[in-house]
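In what follows, structures are represented as structure tokens.
You will see chain A twice below: alongside chain B first, and alongside chain C after that.
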Partner chain A sequence: MKLSPSQFWRIRESQYRLIITECGSCGRKSVFKRSVCPFCGSSNVKHVESEGFGKVLDVTKVMYRWNSSDERPPLLVGVVELDEGVRVVGEIVGVGDNEEVKEGTRVEAVLRRYASDDPYGVIYYGIKFKPIKTA
Partner chain B sequence: MGAYIVSGAVVKVDRHFERGYRDLAYDVVKECPDCLDVDYVVISSALPELTAHQVDLSTHIAQWLGRRVPVVRVESGETSGLAAVDLAASLVSSGRNRRVLVLGLEKVTDYPTYVTNYFYSLILDYEFEVLRSVSPPAYAALVMKELMRGGVKRECFSSWAVKMHENATSIPHAMLRFKISYDSFKDSQVLAEPLTLHDSFALGDGAAALVVSSSPNTNASSVEIVFSATEVGLPAYLRENISDLTASVKLLKLSLERYGLDLKKVITELHDSYTPYPIAILRSLGYLDGGCDLNEFEYLNTSGGLKARGHPIGATGVYQAYEVFKLLTDRLGSKTASTDYGLVHSMSGPDNVSRVLILKR
Partner chain C sequence: MEAGIRGWGAYIPKFRVSATEIATLWGYDVKLPKALGVVEKAVAEEDEDAVTMGWYAARVALKRAGVSGEDIDAVFFGTESKPYAVKPSATIVADALGVKRRKLSTDLEFACRAAGEGIRISIGLVKGGLAQNTLVIGSDTAQANPGDLLDFTASSGAVAFVIGNPSKSPAAIEASVSYVTDTPDFWRRDRSPYPEHGEIFTGEPAYFHHILSAAKLLLDETGLKPSDFDYAVFHQPNGKFPLQVARALGIPQEKVLPGLVTPYIGNTYNASALLGLAKILEEAKPGNRILVVTFGSGAGSDAFSIVVGDSIYEVVSRGPKVSDMISSRVSIPYGVYAKFRGLYLRNIGG
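Entry: the complex of A and B
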């Protein structure tokens, strides 16, 4: 895959960090650094950073092959509700063969590779989620 | 001044390895003699920059067909086709144009499936979804799981696919004209658990043409476009319940109420890229409450839907409108209908945008 470094650089804040947009008009929160609230259209917004912890609302094991990622199936994709009450979608990694990710599994945000141009090219990193191991 | 569909043609949705965008355009207008008697052309296509390296497709198609009339291309993901019909209706009902050719074209089989899968995935938000490994089947699987938590049985989704294949057997332009059984789901390839290949649309090349005119045909083989509307939904990951396809449900509810229609009686072509979507929509509209008997619907996806007629992405909406037009004015394959209204529904991704068209005999 060929990504534009400048395109990726422009969105770095939303890829490297979990930014939450809080709306001063409707009071709702959404993930990513946005100029406009997706719920009400207001530009009366402010941005805060998530602590990076949450729980899985749902997850699916994807066996479908498509080449947007260097990774090959299967991979886990889920909707995560952050502790700040905001939902985000993404890949869940670091799951052992005998481990199960299900509704309610606690996860934390980690920085992992999204893609690379080629063996000598740019490597793009971003947020994924990893289950929090409990003793 | 109104907007009427007065003519049309389609080519079989298939893997047309010998045909490119230009060939498909030629093939379909050849079947529709008055399709070139127009003063404007609207082309709907979602993927030509990716699958054919072609920018400004509409101009090149017009040149290839020897037309010097104004031409434009409409792209709105999987809803491109209905968006094009909507634009054509606006052009003629406003009085700006007399007759507009809507030409849905898509060429998707020139690459290995996984490459086309990637192109198709770009109907989602590239920066916030695709880069994060989120694909259309992943969303469909999550919707399916949510519905199953709400009590919908796996067989319900299977019954949709079985019914669509059955419908497609009598449609000459359908891609998958064979029946499947409930048993076949057991061996179907998993796309994203619990969604299987049998729950997914058939991907094929296609071309469909419609002429939208400011006046009806004198021989009465025309239908009026009485309603055309669009609604943009929230990104799926922001929804309270991922199986709430609110944009589609809102538009369909509005349409049914305004015209006093019942989906059990009216000709309907519902967007069914993945089986959970029509099931979610029908349940939200109050149907399928007591089970999953699709035989209650007299004219639901007579074509076989995206599931079996096939889904040439940006052309699909034109196919759907053509199919309803044919059922209202004549016959579709061996099928006829005795109702005055037909409804077309299209959406892109998990209800990112939805469009509804109502046609009246």
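Entry: the complex of A and C
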């Protein structure tokens, strides 16, 4: 899967770090670094970095194969509610064959490879989640 | 005091492949793992590499140190498995941690001891007033030719340290020294996927000579005796060499075992001895003195004398512990190890 180095570079801060936008007008929080609050349109916002901990609200196993070889199903993709109160969608990694990820599983943010233009292109890194302790 | 360890962090992948399975698969005597002193080795997942593991360890190190990326003046990334042959790993980790742009930042390569040299460079910067704090990372997804003896131990893991003002540190580095020669015991040529090693040559003239020489220099320069140390941790290419080098220095086994991690996770190369140091810091008491000696093929060693301070317990509690990462493990078969580490030759992008 070929990505664009320049497109990725522009959004790398939001790929590398879980930045939360806090609105000074309506008080709501949104994920990603935004210059305008998505709820009320105010530009009275400040940015804080999430501590990176949260819990899984829902998870699904993705078996879709993008093409014949360069993806690696099954992927676990989850909706994670960060402890700061915002929700983010992310891949869940570090799960053994006999381990289960379900609603309520505690996770922490980790930096992983999203993709790489193999064999000689750019490697794209970003935030995923891994269970802190799985039963 | 030269400088201090303000914080540290580690990362050990939870997936493990058993040394017995490696022996059986490749036709070695099943008693070989015991002779090497290894039970299993840690395996990074497909989407992990030296950068991602180093990031995790560094994030914990910053948290333990109680500093932010804005407080870091230099980032040194020690690895022999950098994801890019050309393009620094240190810059990726630094941006992902929010380290400020006004900084020094580079990857260091000296087989398994680049991170050790990164600590020595940091001591110089801190003592010289050019840096308040530096971040030193040792991280490797070590490669081994499948079926080679190195396949039993070459593993994945990372460790990171924030080096800064000793008065703000839970552990002070009171002395350090390096000993380096040109010794071809282990190498990897450009475009070769796996390293080569000088077989028996890796022991006496390489590992033992450099570690013992660096340790003796440190003892001579400080006037300390082996008995002055409560813990000793050495580079750990297998589970046996560190115990042999301790015996040669007259250091009893019980001072070495707390920092000996290779039997359970394999040789994490640039993390190895320093990961053992991280584990010791998490178990040590104020006033304890720790001897650390790294080793990197090619070849060289750095020796450090580290004294644990009063704030150690509080700083330990700010992050996950090495002993918990060692015990949090999931077994995988060799086939999954090969898949995770990209050992299968596949057509990509078809």
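Some notes on this structure:
The rule we apply is simple: the second predicted complex is superposed on the first by the 128 of 135 C-alpha atoms of A that agree within 3 Å, B and C clash if a C-alpha of one lies under 4 Å from a C-alpha of the other, contacts with A are read in each partner's own complex, and residues count from 1 in each chain.
Here is the rule we use: a residue touches a chain if its C-beta (ideal position, glycine included) is under 8 Å from a C-beta of that chain, and two chains touch if they have at least 3 such contacts.
All values reported here derive from a predicted model rather than from experimental measurement.
Overlay on chain A: chain B and chain C fit together in the combined arrangement.
In the superposition on chain A, contact of A:Y16 is made with chain C only, not with chain B. In the superposition on chain A, A:L111 makes contact with chain C only, not with chain B. By the document's definition of touching, of the two partners only chain C reaches A:G94; chain B does not. Legend: residue contacts after superposition of the two complexes on their common chain; A:E49 is shown touching chain C, with no touch to chain B.
Of the two partner chains placed around the shared chain by superposition, chain B is the only one that A:R65 touches, whereas chain C remains out of contact.
In the superposition on chain A, A:I123 makes contact with chain C only, while chain B stays out of contact range. The superposition of the two structures on chain A yields an angle of 150 degrees at the Cα centre of chain A, opening toward chain B and chain C, reported in steps of 10.
Taking the two complexes aligned on chain A, the least Cα distance separating chain B from chain C is 11 Å.
In the three-chain superposition model, chain A touches both chain B and chain C at residues 67-69, 114, 128.
The part of chain C that touches chain A in the complex is made up of residues 13-15, 45-49, 51-52, 55-56, 59, 83-84, 92, 95-96, 98, 328, 330, 332, 346-350. Put simply, chain A touches chain C in their complex at residues 1-2, 12-13, 16-17, 49, 52, 67-70, 72, 93-94, 96-99, 110-114, 118-119, 123, 125, 128, 133. Those residues of chain B lying in contact with chain A across their complex are 113-115, 117-118, 121, 127-135, 137-138, 141-142, 145-146, 189-193, 195, 234-238, 242.
Against chain B, in their complex, chain A makes its touches with residues 7, 11, 14-15, 30-32, 38-39, 58, 60-69, 71, 75, 77-79, 87-91, 114-115, 124, 126-128.
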